[in-house]
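Mind having a look at this structure? Questions to follow.
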Amino acid sequence: MIRGVLARLSNPWARARFLWAVALAYVAWTLLPVVVAVLFSFNGTRSLTSWQGFSTQWYAGNESSVWQDPTLRSALVQSLKLAGLTVLIAVPLGVGFALALDRWRGRASGTANFLMLFSFITPEVAIGVALFLFFVQLASGIGTGFTAQVFGLSMYMLAYPVIIVRARLLSIGKEYEEAAMDLGASPTQALRRVLVPLLFPAIFASVAIVFAASIDNFVISQQLSRDASTQTIPILIYSSARRGPLPSLNALASLTLMASTALIVVAAVVYRRFTRDERRAA
Amino acid sequence: MPGHPRDRRRPLSRREFLRRAGVAGIATPSLAAILAACAGETTTEGGSPSAALQLARPDSPVTLPTQGNPAIADGLQPEAGPLKILGYNDYIRKFILNKFSDKFSTSVDWTIFDTPEQMVQMMQSSGSNWDLIVSVTPENVGKLAFGQLIQPLNKTYLPNFANVWDVFQSPFYDVDAQFTAPYTVYTTGITWRNDVVNEDIPAMDNPYDILWDSKYAGQVHLLNGSRDTLAAALLRMGSDVNTSDPNVLDQAKQMLLDGVETMNWKFDHVDYSELGTFEIHHTWSGQVAYYQYYLPKGLPITAFSYVWPPKAAGKKPGIITNDMFAIPKGAKSPVLAHAMIDFLLDRSNAAVNYAYEGFQPPLTSITPESILADELVPKNLSNILITQEDFPLGVQELELAPAVNQLYQQIYQEVTGGA
Amino acid sequence: MWFPSWFWPSFAAPATIWLLLFFVLPFFVILSIAFGRVDPIFLTPSPVYNPLRWDVAPFRDVLSQIFTNGSVYQSDFLHTLAFVFVATALCLAIGYPVAYFIARHAGRFRTLFLVAFIAPFWISYMMRMLAWINLLQPNGYVNRILGGLGVANTQTPIQWLNGKPLTVILGLTYGYVPYMILPLFGVLDRIPSSTMEAARDLGAGQVTTFLRVTLPLSRQGILAGVVIVSLPMFGDYYTQTLLAGTRNTAMIGNLIVSSIQSSLVQTGASLVLILLVLLILPMLYYLRATSKSTELVAR
């Protein structure tokens, strides 16, 4: 494959040679820094600029490794907890919202939709600061901390499932349910046994995307973070980046990268399998 | 799939659009009013101050109020923990933290703050979340105590308190040391790379001028925090670092704004990523020794020099001050917090901590002779050592009236742009 | 139709309540603080929840500061505008050819390239910035490569991280260019090849086809991409802090966050409001365009 690509690049008559070069340069520019960062998580010494041999000490073995340093471990656990709870709240709420928007013809549905889209495009720093002040001034009984992070983040993630599920609903249409009811099913049965299974790939995709986005979230999580026990991985990376970071930080980030990648791959595979029949029919 | 144009539902008209926005906007005040009524009018932690804030000065000492703010009872057992500390990054040596955790079968949680005003903000929003503050400075003790954000210490848990210097047994900002125990003493001066910078800074008429020297543009760092940053300018001008004179402050602000243009300063206390490259830094005395553990390969600690202007040729003013421990009110593990304070007031622990941190503990048994004998600081930096006699030579940053404090913070924001 | 009229709306209720509680209400708190009072002793904000008792004077103060020459508010706003403008332009310049390529020329490798360009979306932003911080160290790989190529002097390595606007702009571009590629790809993908062939048949050269057929057809995508990229960039503050950290590169987000973390909370709330007002037009335009298109498709 590489030979083919190189042949194409060197052939002055090949079409779109310039575009190929640009695209390859882009991929390299995007991914190489990350590859280097992952590589250095296996560095033999604590340096982040000079490679000195392969070692897995920063994953487990060194006292500052991901496994042994309680700060890193706690950040990993916190990120997973926060992402998990956010998914549990945002996806059902979002799916319900999408269903309602699709079926509901009232005036208020437009307002609700408007609100949801607005939450999606407001700059995160504005939302983060607003939430911080909210939990400190008005909802001071809850205050900042893990609960606030879950509330704030699940609100911010609502838009993803809504958009994804709504797109899926539009492509499904109403024919299947109507057919089921023509064949004698009650409305609830049609809902449960026809619509929900059809929605499954979109729901799964929403879970994957909300999870990946939550693990990566920085501004809202940091504004609502109370102390070291509510630190997530992005917060830790940010505060450590200028304080003499060790390769164990790279190791931590690499672990989440592998987890997100695995999740997205599984979601893509599941989505394709479930929609395979539809694509074949289309 | 675009349908026939006539099928298309009327696109969102402007009126419709604004109406939807308006509906959302009206619902909120009523909802907020309901919530506010339920939550009561409380905003932040701490009780309402019964007495007005008194500004402590060396010649007018202040006894901090303990009304309605009792210390913990005697004879309690240390809690299970974890001990939650709010402090500057890496301000207690990890080795000591581990030793403490092993001794008391607990763990330590460290939350970082970067500047004193951040610490005050965090204390105001959720102070009782932490057990120990490492550390507080004299300019903030008053507002923390008057605002009932910290609790009085119970000296029965601090047998090692007798080890501290006399001047801290009853300091002017906290008569009878009810709320604080000293952690470190330090001066604020100028650090430079003697292998790269050829000036003889101690011999300069006004060493602070070097921080504005455009020859070193892009290579100079100033301290962050509203008081310390402004102090660089105020000390250069020879003015009072606690001034409330708006003209003086305006001059200082101008001086800093001009400097930012030419020098493009970074504001921090340690920037590890630049450790091998910065050339001049306005620092605290302890940092210079701390650097020895973070130097890039090939750079020895002897490349760094420090000067405290009051002891240099020009005898310009300089800051000398101390950091203190304090325990937040409502802390969940106050006995453990007291134990940590006592742990660090113990001579051997303090010495081990000092060898790493570089900030000198004000204990009577740790004298400059013993420090040099035990090689607790690098030999070329022996001028960071401090004795009680040094205090009159320098000035301290003291508590400011709230409006003045805000002015300092506004100037700080102007100068740093929030960065 | 088959369900009671309250059935479907009830599905929307939980999400709507969530949005009201944690989106609308917090912004009301911002208003209440910006137009409220400040405790005179501790300088903590005293929010005023009754709109009738709001006091706009402090807000007007902050606003006037922005128009005062030389004030940090003005310079931070100007930096932000400049950075966002240049970075968005760069994103477009880089993203358009890449999107065009994937849509029309990738052929067999299309899925592979799609994966490569989707990857940044789930690689943590912080990790990508951390990667660049390490590469841009004075003794990092970027300087080493530049030195090896003879472009830079190895004796005085380039200080990328000491407060260069260039570094911040490149960092922002790096972080946000995937968001530009997505809508561009969507729109370029949908241009049928028959349209392009028709233009060729009619005698248009490559450049003419691009300028008079492709570009106009992709206009929606370009606008969407520009909005999706620039809106979050306005609120970005962490990229600048990580890659530079000086006053000359500070952005509005830095001012907002540093105000909240000191005793200037009311100023911070006012700045948030000003930021929203600044962005309200592009935001509303985007909202209107999306609701129009979704309702179009819904029919």
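Just so it is clear, A, B and C label the chains in written order, and each chain counts residues from 1 on its own.
Note that a contact is a pair of C-beta atoms (placed from the backbone, for glycine too) under 8 Å apart; a residue touches a chain by one contact, two chains touch by 3 or more.
Keep in mind the model is a prediction, meaning the values are calculated, not measured.
Summarising the inter-chain layout, the chain whose CA centre lies farthest from the centre of subunit A is B.
Two chains share more touching C-beta pairs than any other pair, namely A-C. Separating the CA-averaged centres of subunit A and subunit B is a span of 37 Å. Between the Cα centres of subunit B and subunit C there is a gap of 34 Å. Averaging C-alpha coordinates per chain places the centre of subunit A 17 Å away from that of subunit C.
Multi-chain contact residues of subunit C (touching two or more other chains) are listed as 20, 24-25, 27, 29, 32, 45, 47, 133, 137, 139, 237, 241, 245, 256-257, 260, 291, 297-298. With touch defined as above, residues shared between interfaces to two or more other chains in subunit B number as follows: 12, 24, 32, 35-36, 43-44, 268, 273. Looking at subunit A, residues 108, 110, 114-115, 137-138, 242 sit in touch with two or more other chains.
Interface of subunit C with subunit B (complex): residues 20, 24-25, 27-29, 32, 40-47, 49-51, 70-72, 75-76, 133, 137-139, 159, 161-163, 237, 240-241, 244-250, 254-264, 267, 284, 288, 291-292, 295-299. For subunit A in complex with subunit B, the residues that touch the partner chain are 70-71, 108, 110-111, 114-115, 136-141, 143-145, 226-229, 239, 242-244. Within the complex, the subunit B residues that touch subunit C are 1-3, 7-9, 11-12, 17, 24, 27-29, 31-33, 35-36, 43-44, 46, 49, 52-53, 115, 117-118, 120-121, 124, 143, 146-147, 218-219, 226, 257, 260, 264-268, 273-274, 276-277, 296, 402-403, 405-406, 409-410, 412-419. Residue ranges of subunit A in contact with subunit C, taken from their complex: 15-16, 19-20, 22-23, 26-27, 29-31, 33-34, 36-37, 40, 48-50, 89, 92-94, 96-97, 99-104, 106, 108-110, 112-119, 121-127, 129-134, 137-138, 151-152, 154-155, 158, 162, 166, 170, 181, 187, 212, 215-216, 218-219, 233-234, 237-238, 241-242, 245, 249-250, 253-254, 256-257, 260-261, 264. Remark: subunit C residues 2-3, 8-12, 14-16, 18-27, 29-30, 32-33, 45, 47, 94, 97-98, 100-102, 105-106, 113, 116-117, 119-135, 137, 139-141, 174, 177-178, 227, 231-232, 234-238, 241-242, 245, 253, 256-257, 260, 265, 268-269, 272, 275-276, 279, 283, 286-287, 290-291, 294, 297-298 touch subunit A in the complex.
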